[in-house]
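First the structure, in the form of structure tokens, and then the observations on it.
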Amino acid sequence: MLLAFCFPGCAPVKEEERPRLVVLTTGGTIRKAVDAAIDAFQAEHPGVEVEVVSTPGKDYYKKSLTMLAGRAHVDLLWLGQGFGMFASRGALLDLEPFLKADPAFDLAAYQERVVGWYRSAGALFGVPYGVDTLCLAYNSELFDAAALPYPSADWTLEEMLASARRLTRFHPGSRRVLQVGLGFSELDFRYYGLSLIEPGEARFGLQGPRALEWMEDQLRLLHEERILQRGTELEAMDRLTGFHQQQVAMVALATWELQEMRQRAPFRWGLVDLPMGKDGKRQGWASSAGFSIAKGSRHPQLAWELLKHLTNASFQRQMMGQTIPVLKELRKEYLAVHPAPPEGVEAYLRMVEVSEPNPRIAAFPEVEAEWNYWKERAFLRQIPPQEALSKAKMNIERILALHHDSKKP
Amino acid sequence: MAREPYLCDIRSPRVRAWEIAKRTFLWLLLLVCGVSMLYPLLWMVGTSLKTVDPALLLQEGESSSIFSTGSHLLADLFPKVFHWENYRAVFEEVPFGRYFFNSLLVALSVTVGQLVTCSLAAYAFSRFEFPGRDRWFLCYLATLMVPTTVTLIPTFILLSRLGLIDTYFALIVPGMFSAYGTFMLRQFFMGIPRELEEAAAIDGCGPFTIYWRVILPLSGPALATLGIFSFLGNWQNLLGPLVKINRDELKTLPLGILNFVDLNSANWPLLMAASLISILPMVLIFLLGQRFFVSGVRLGGVKG
Amino acid sequence: MKVRPWVATLFLAPNLLGFLAFTLVPIVASLLLAFYSWDLFGSPRFVGLENFRDLVGFQWSAEGGLTAVNPRFWYYLFNTLFLILGLPVTMLGSLGLACLLHRRLYGRDLFRLIYFLPSIVSGVGIYLLWKWIFQPDYGLINALLWKVGIEGPRWLESTLWAKPALMLMGFWGSVGGMNVVLYLAALQNVNPELYEAAEIDGAGGWRQFWAVTWPMVSPTSFFILIMGIINGFQGGFEAAYVMTRGGPAGATTTLNYYIYETGFEFFYMGRASAASWLLFVMVMIFTWINWKVAGNKVHY
């Protein structure tokens, strides 16, 4: 009885005099954009109340999960990298019916690649307003000092590592790093043409000689050459602080860090695509942010109307300091908003074309945590690379299988 | 003629010099360790005076980093130009005054409530004899042993079923009952000599009169301690308000301060300025509580 | 004191009733969930003891040996217990500090405040600052060690040093905090005549401490110990959440962080509740032992 009281069942829905929408969002820049969108929405729909529940920072997911699990009244919610967790568990409403009934809304104006990340089995679980990705930022002055040519848009992994070797300097007679050439904690396995989970979502992708080669290169660069820095060591420097203070020559710069760095770097620097991988292809990481309608929404049609305001051109413009707009027509505008210096901001637009987000499957956080555990043990040289890869394969494929089983009716 | 040795020792100048040297050493030790205790606070103050305005940074020849990677470990702690206007900006950018008021209201009400309910319960647990007393007490303590992570969602569901989400009631009333406070006061009450109560009982006082006239007046430091803890605990509580409050007008300081955190970054100077302002009332309460310690009634003569 | 049951009830009622309503109901509900499988969005499904088997069960492995179903859980339990080892050190430090700050000395109130400050200066910023302090190449600690010619450890990047680093941080944050306030309040209640009597008996500083101070503050020490263990079992969350994400290789994952990760990141709320149940039972046993063993030595 206690359980029945405390856990899901149908909460009594009170008839409201005026329709009320509840929007969950994070804070900061986006809060201002959300407020503006709501104003525009209310001008079109007078009499509709909109309540914004804004939880900035990491606690956003804690708050929104608590509300959704508690069957609270939620109509719309912001979703970033956590999108897959919600969509794969049936927490979101399929937007296709609204799309079909609303010919005025032109989804084709949005980049198909990015919209595709929100599709699953013929359903559309959200509309994105922005994309995040990484580029390589390099300190031109440090490159000049070492008499090295600047990175070019078609440079390869080997070329990047060769520059990093020249730019990494140690304290005399010691292994203590004085200047970091490459502010990376690890070589992305994408450079080796690998992926964490293979398409089909049942198999672990870091297998075979390529994976072993990646792991051995990583260990050599980490321990012998000391060109790579361990993860929390870099984070502890606030990552960008080292680049700011000219102690790190190259760093992966995220879209959301661009504006800050543009305004503040007191030296010459440039942006360029991440290098071509061993397989001659360029691949990268991306993420996207957008809004979705909760399955339990009390006013889905009104929520759809508001959702359009939360992802339209005006909203995307306001978020350009954080994310790359998804509307194709705004791509030129993005470059105008971030003029040179530094040169090469258009590299971000190119990276979006070749990047993929983390697999949007229910088990992803668990798989990632499991992989991190074995990866770190190998990086710390507690176990040989081969053992780490095979243990990770065994455990991760078991996790994936469990999730497949639970999907079956 | 033999004198009593210890009187002689106390007065001898060598012993006194030794005593003074020892005290000076301890004092210096306290000072040195104290400085290391202050380091993070200095960092906060320094950060709160920095600016994030790129134009100003360029003009002042300052880096915007909050951490220094150079060898100037202490020199980079403070900026060259102090931006005191950050403290004003905190109030202008968000309804900081409102958050402050909410926090004050909640923390003070909860503290008063805890002092009343916990001291009553603690008196019963420390003095009354009833069957299974200690076992009940352990059960009571057991509720402190469940991690809040798993009670978050049930708490939210309970409060929303009761229609209490987004109310001061939800922030205040559930906090007024505390197993921690009861345990703490019980320990103090156990140390109070029973002779006083027995004397009062012989004079015909009932349990409530004894609690009110004998126990409470003797428990100044204990009540002050609980007062400090309960105020501090509620002042810093993030998780409770996070779950119970949706509307901006009802947010407390720890939630409100989050407003300076953006999607992937934070406005460090304003965040630190806001944190420092929110520390002030805690310092004040601590100092106030300390007054009670000094004037607390000493339990002279009875025990020993 | 013997009182009629209704009198005791009257004294206990305000606290207990409020407590039952707002704390016990969610606790019982969350503990019941331990027997369910719940992904937060669907409906809970009864699974019996499955969650417990997934945490602390044993199975016959393919090679024929008996192995833990979830060896990581035992490792996280070890981490949690390891971090609790910092408790006695902190307690002794606090008691020593309280004895110093109890005396008449120049600037006493200021010292009390200074040592108290770290315990109220909290938040994400402070954890990030510590992360930077522990940074092996540029951080404060290793930079200072470097100056005296020592190459410091890799702190948060080493499975060996990560836990001691967190203990150091914990010591800094709590040595002058609540514990000192509690001890100071307790020392107020020690009758100064006891010290005089001890002095007349010829007892030196140490003897006085063991003969008078230690027994007189024992109820407070008992309280700090019990609460320290209760909190210690649930500790390490913030540090893992903000600083290390439980790494490297799980070295700073405590049970409480594991419970959070399981419930709110992997969406196994049932398993998270089962882990809480186990945690609860362990704390209960520890507290019970404490109550019986240390409780008898407490001088009331």
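Going in written order, the chains are labelled A, B and C, and every chain counts its residues from 1.
As a working rule, contacts are C-beta pairs under 8 Å (C-beta built on N, C-alpha and C of every residue); 3 or more make two chains touch, one makes a residue touch a chain.
Remember, predicted model here, so these are calculated numbers, not experimental data.
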Greatest centre-to-centre gap (Cα means) from chain C is with chain A
Chain with Cα centroid nearest the overall Cα mean is chain C
The distance between the C-alpha centres of chain B and chain C, rounded to whole Å, is 17
Chain A to chain C, mean C-alpha position gap in Å, rounds to 35
Per the C-alpha means, the centres of chain A and chain B lie apart by a whole-Å value of 39
Within chain A, the set of residues that touch 2 or more other chains is 5-7, 57, 62, 65, 69, 236-238, 247
Residue ranges of chain B touching at least 2 other chains are 67, 69, 153-154, 157-158, 261, 266
Residue ranges of chain C touching at least 2 other chains are 25-26, 29, 33, 40, 124, 128, 132, 138, 264, 269
Chain A residues touching chain B in their complex are 5-7, 11, 22, 26-31, 51, 53-57, 59, 62-63, 65-67, 69-72, 80, 236-238, 241-242, 244-245, 247, 254, 256-257, 260, 263-264, 266, 289, 322
The chain C residues in contact with chain A across the complex are 25-26, 28-29, 32-33, 38-44, 72, 124, 128, 131-132, 134-139, 146, 151, 154, 156-159, 241, 243-244, 247-250, 261, 264-267, 269
As the complex stands, chain B meets chain C at residues 6, 23, 26-27, 30, 33-34, 36-38, 40-41, 43-44, 47, 67, 69, 71, 73, 116-118, 120-121, 123-125, 127-130, 134, 138, 140-147, 149-151, 153-155, 157-158, 173-174, 176-180, 182-184, 187-188, 190-191, 197, 201, 207, 211, 221-222, 224-225, 228-229, 232, 236, 257, 261, 266, 268, 271-272, 275, 279, 282-283, 286-287, 289-290, 293, 296, 298-301, 303-304
Contacts from chain A onto chain C in the complex sit at residues 2-3, 5-8, 57-58, 61-62, 65, 68-69, 85-86, 89-91, 174, 176-177, 230-233, 235-238, 247, 362, 365-366, 369, 372-373, 376-377, 380, 382
The chain B residues in contact with chain A across the complex are 54, 57-58, 63-70, 152-154, 156-158, 160-161, 165, 238, 242-243, 246-248, 255, 258-266
